[in-house]
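In the two complexes below, chain A is the common chain; its partner is chain B in one and chain C in the other.
Then we have the complex of A and B:
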């Protein structure tokens, strides 16, 4: 018997209030996008009748989840859109989308030839060809590939890491491994200072966020199963430095790919959240350099806002004496991973990010801090300022020896 | 004064179908309706295109009529019909005795009824009660009665018929024992006028008893109220019936993007027929029984309740009125009552409306000496013409196509045309403009019946002002938007009241805040 007149079909809890439309950054700049309410709960009723009601304009969704944060009825609007894209979206640029989304594969192929690949990718002629033939925006510059993978570096230092009595496991993600091992090294430095050695998961695959966004559901599921199995085997906390990888594994695996994650959620988190809690519990101390001085601005990545974790990163940064931190207004930067690399999205991507870029330019800072690597690319390309992960800033600001001493057991 | 061959009273599906048939056969035809088309029983039912299976055991004649008409309407009214198929499921308490008899009777009536394994039934329709012990597959379908009626009216008009909505019959014009026409009064302006016609057809459903009375004839009719609940989305893709002797709340129909469970059956006095209200007890009964068919109804949002009145006719040879016929009743009052120029068509059901119209028009033609055969079984309704069409990949255009069929070609989606007015039901400005131009729309309620404006989960809370403004503009009376809005919200509220708890109460609070003064 009907007790509550509240549907278990979550889309039906939508009250049609349109608050989601108010916060959607895409709707504001792109008249072709029907907006979260239409694309989500409204469209769902029609798609249940007939999948022919799937609107290709759903491809414009950034998956920023700002609609979900705003929804007073708890409707997972972004998830509804993501699930339907997985089910029904047919790309007109299949080859490009597959190439963009296969970060793991492309990364492992490119790394050994990094100098050549980087050179070729930055050539004007390459950009024109990719723009014309593949549909990759010529305005974009791909993140450079590193000639040595982070994992190779860490394996060479495995002996030192094993010497630490306490350990954490690091889910590094594709970007750290193939493009920017420095962030991984900064993470290791910070953990070592806190008295923890860093280990790798038994196996790590791309989190799959780009595959989910590009309607490659089966491939995403395969990667997810490998990652979940490895995370389940880990007997230490599994820490990350990418808000998007973290969000994808904790939430999108379950909500979009249908793979339960409730058992690993409490063990997988951003390094800043873990570290903040350790400090709060008095288990870890950070001792900072006395002469450290920086003027930075913190940008809350969309998925950071969705997880509600920006406070951990911000509070840690605010512990650093000599760091002047400006908190930026919460705007989407517009890139949304592979989204902004696509030719047809470039303009919207830049329009969405424009208010953020203005804020950054007006903040009078030397660099920006954020927990998401694709925000980093977008902000660097659009403002010219360097962007760092909070972990890198912390690693730079601590007095390594003193911190290590303070945390030695 | 223009004189008609045929004047039809009642803009339900029967009247509309008769008007179309008459017009197709070249008769000068007028259709008169007091309110709007499909406002009586035609618009207040399940929207079920019966396979006839439900009647197979008790009324084989009706059952056969249903299956024949079902197959015809799938073709000629394809944009109003969704060939969902249906299941008759047996629950443990029902046993399987009835199922055996049921299948035999279906076979006799010409209905393809195939017993399938409960597991197969659950695979076909995963929403059904998993405790079933038996299932039979039948060719039930879902039909949109508003669209069906509107398409019939439109085709009648395209073939020269006149249509008057908002005109009420206040008296008959008679010369001794012959009906010459009627006196009409406009319900909005009070204007009165007379219309003459060789024949007058009473197709006024349950109100037909009063119309006949006015003409001097008595028809024993028994108003039987049937209540139904609307759920916010499609929980099942097939019609789901209980395989037992027909009883309360044993049919769930997927109607467009909602699900409808019904019905109840209670005798009501005539003076209540104009204002049916669904009671708390009826809501509870519908839910209790409905959850046995499809358990997820217990956790699906109910958006509305409504009730209609079946025009049941007492057999002429039974003065007690207990013997009710659900078959088609065509009364030639010249033979029955000595009143000439007057015919009543009543009884029957939504599924058999076309046959009722055909029989009526056959009688009219024989009286008028017109030798034209009925074409309605083969000529598609406007919107249902066979046409190769590429999907537009636009929800707005596809939704309009779903409702108006090939008539979508008449709509202009350029510029403001593709703007959404009703977001729940994907109704665009272009579709509204089309409805006003072609489908006799005067009020927001009329527009709702043509397009689903305001029928979604928010029940018009968030689109009403926009819809009223757009309609007023399209009607050429932009200052009337407020008046249009008021009448409409009252009617929405009436349907929400009986199911106003949980999420629907929250929604109603938005509505009260926005419009309640």
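Then we have the complex of A and C:
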């Protein structure tokens, strides 16, 4: 009898029950995708014998990890697929995939010319050219670039932040830095109200999720090593506002890129988890505005569900008096980062998200809350409703002065 | 995090008990590793305000001095203490890993409760495929109040429900009633 497991991702524990295939949102809408069981543990037996058995249709995997959440036998199906894509996948649109996945490079280039870049990217003619030449869906609108990076803004306020006796470190991610600094500012406001100043990591690179998804393993590993070294040097908790960045660093670095993360896992977390626990331990108090009123729906992002952390965000939001919160059924929105921007995926992406969009329309809410920025783009584009991070809602709902006073020791 | 009821799920009975708890106005957290039939029920539970930790399992248990459960931790929320007044073990049998077997015996991995099984390994199954199989009646032993035993002593704030019980007793409604009146 085999005593020790020597395979990756527990693939031989698969009992062929097919529950993963039943929950896979991609298999339901795309006949070209062989499904998690075939792409994962079943295909792995063949690929171990001969890599020629690799099927390029694995590119259709959303990496939503719903198969792993559903597996009763603990098989890491999504990891098996991701690792094989990194090893064997050959893209037919190499230039497009590289451009989509190089968020740091493109962001740094676009930021100084943000108004021009935003204007050009939103032109119909640009979209047609990108669709025809590069293979980027013309139905997509890129998130706007900000002319001022979040990091430049925070450095200008470093003096104020340093004045706080207690500190947290912020892993802002590419979206906050290049596209949506407002979320970063909301985070700083919330932390300041709790009595904490905000610092940056010594160096921060893109978490690498888009590079992993686009089979750019070496580049992803380089970014990962920079991030891990900086997180190890941080002497405060390292907080994030993106569920996917967090999940990638905590879990995918180790499971997909093979870089150990057990020493930093407990120090890197979503701001909502950290804040919830501070409140529960009686170390932080939030005092909310008396006249606050909003009707919102919470969407659990796939990676948030995989981490099991949605409770932190939901319970914090439920603390706000005057906030009526509807919990949406757990369903993938379909975009999966760069995936939904690709011409050949657009239709599948929208089909996957359709039940969620219906659920949102029927909820009768004014806006949606979620911890993932790409869910935000997808839900905003597909339902027309604005989408916020829980941190922004908390920053908006607190009485800043009273909360600050309550947390000043 | 504090709840009235925490359920170690897996069995399709888990969501019935969870819904009964919610409907009785109790807060309830359901930890369930795999998805099984009754998926619609689990979604309804989450929509009704139940806390659903899907794809997660109870990874360790804190014991009080009197042998009752003080808190549990899950694989995902490793350093989070989940505390309840009542815990329910409804983890199903072998397929959902509520019971685990090896060549020596059968154990219940979450709370480590006492399991009744035939010590002679060769008698676990019979050759006739269509005959009742002895292993189907192996399971967790409880006292008359459905509290599982650990080293012969009842765990007073834990109930066992559904297929995990020795002898295949159907006690789901009984457990619902006990939780509602707890």
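Heads up, the rule we're going with is that the second predicted complex is superposed on the first by the 400 of 409 C-alpha atoms of A that agree within 3 Å, B and C clash if a C-alpha of one lies under 4 Å from a C-alpha of the other, contacts with A are read in each partner's own complex, and residues count from 1 in each chain.
Rule of thumb we're sticking to: a residue touches a chain if its C-beta (ideal position, glycine included) is under 8 Å from a C-beta of that chain, and two chains touch if they have at least 3 such contacts.
For clarity, every value in this text was computed on a predicted model and none was experimentally measured.
Applying the stated contact rule after C-alpha superposition, one finds that A:192 touches neither chain B nor chain C. By the touch criterion defined above, A:42 reaches chain B but does not reach chain C.
Between chain B and chain C, it is B that contacts the larger number of residues in chain A. In the superposed model, A:305 makes contact with chain C only, not with chain B. Once the two complexes are overlaid on the shared chain, A:69 sits against chain C while remaining clear of chain B.
When the shared chain is aligned, no partner comes close enough to touch A:179: not chain B, not chain C. In the superposed pair of complexes, A:55 makes contact with chain B only, with no contact to chain C. Applying the stated contact rule after C-alpha superposition, one finds that A:15 touches each of chain B and chain C.
Contact with neither chain B nor chain C is seen for A:242 once the two complexes are overlaid on the shared chain. When both complexes are aligned on chain A by C-alpha atoms, chain A residues 1, 15, 17, 73 touch chain B in the first and chain C in the second. Contact residues on chain C toward chain A in their complex (touch as defined above): 1, 10, 33-36, 43, 46-47, 49, 51, 53-56, 74, 76-80, 95-97, 103. Taken in their complex, chain A has these residues touching chain C: 1, 15, 17, 19, 22-23, 68-74, 266, 277, 280, 305-309, 311, 315, 327, 329-330. Looking at the complex, you find that chain B touches chain A at residues 232-234, 254, 256-257, 284, 287-288, 291, 296-302, 391, 393-395, 398-399, 402, 420, 423-424, 426, 456-458, 461-462, 499, 501-507, 510.
By the touch criterion given at the top, residues 1-9, 11-18, 34, 37-38, 42-46, 48-50, 52-53, 55-56, 73 of chain A touch chain B in their complex.
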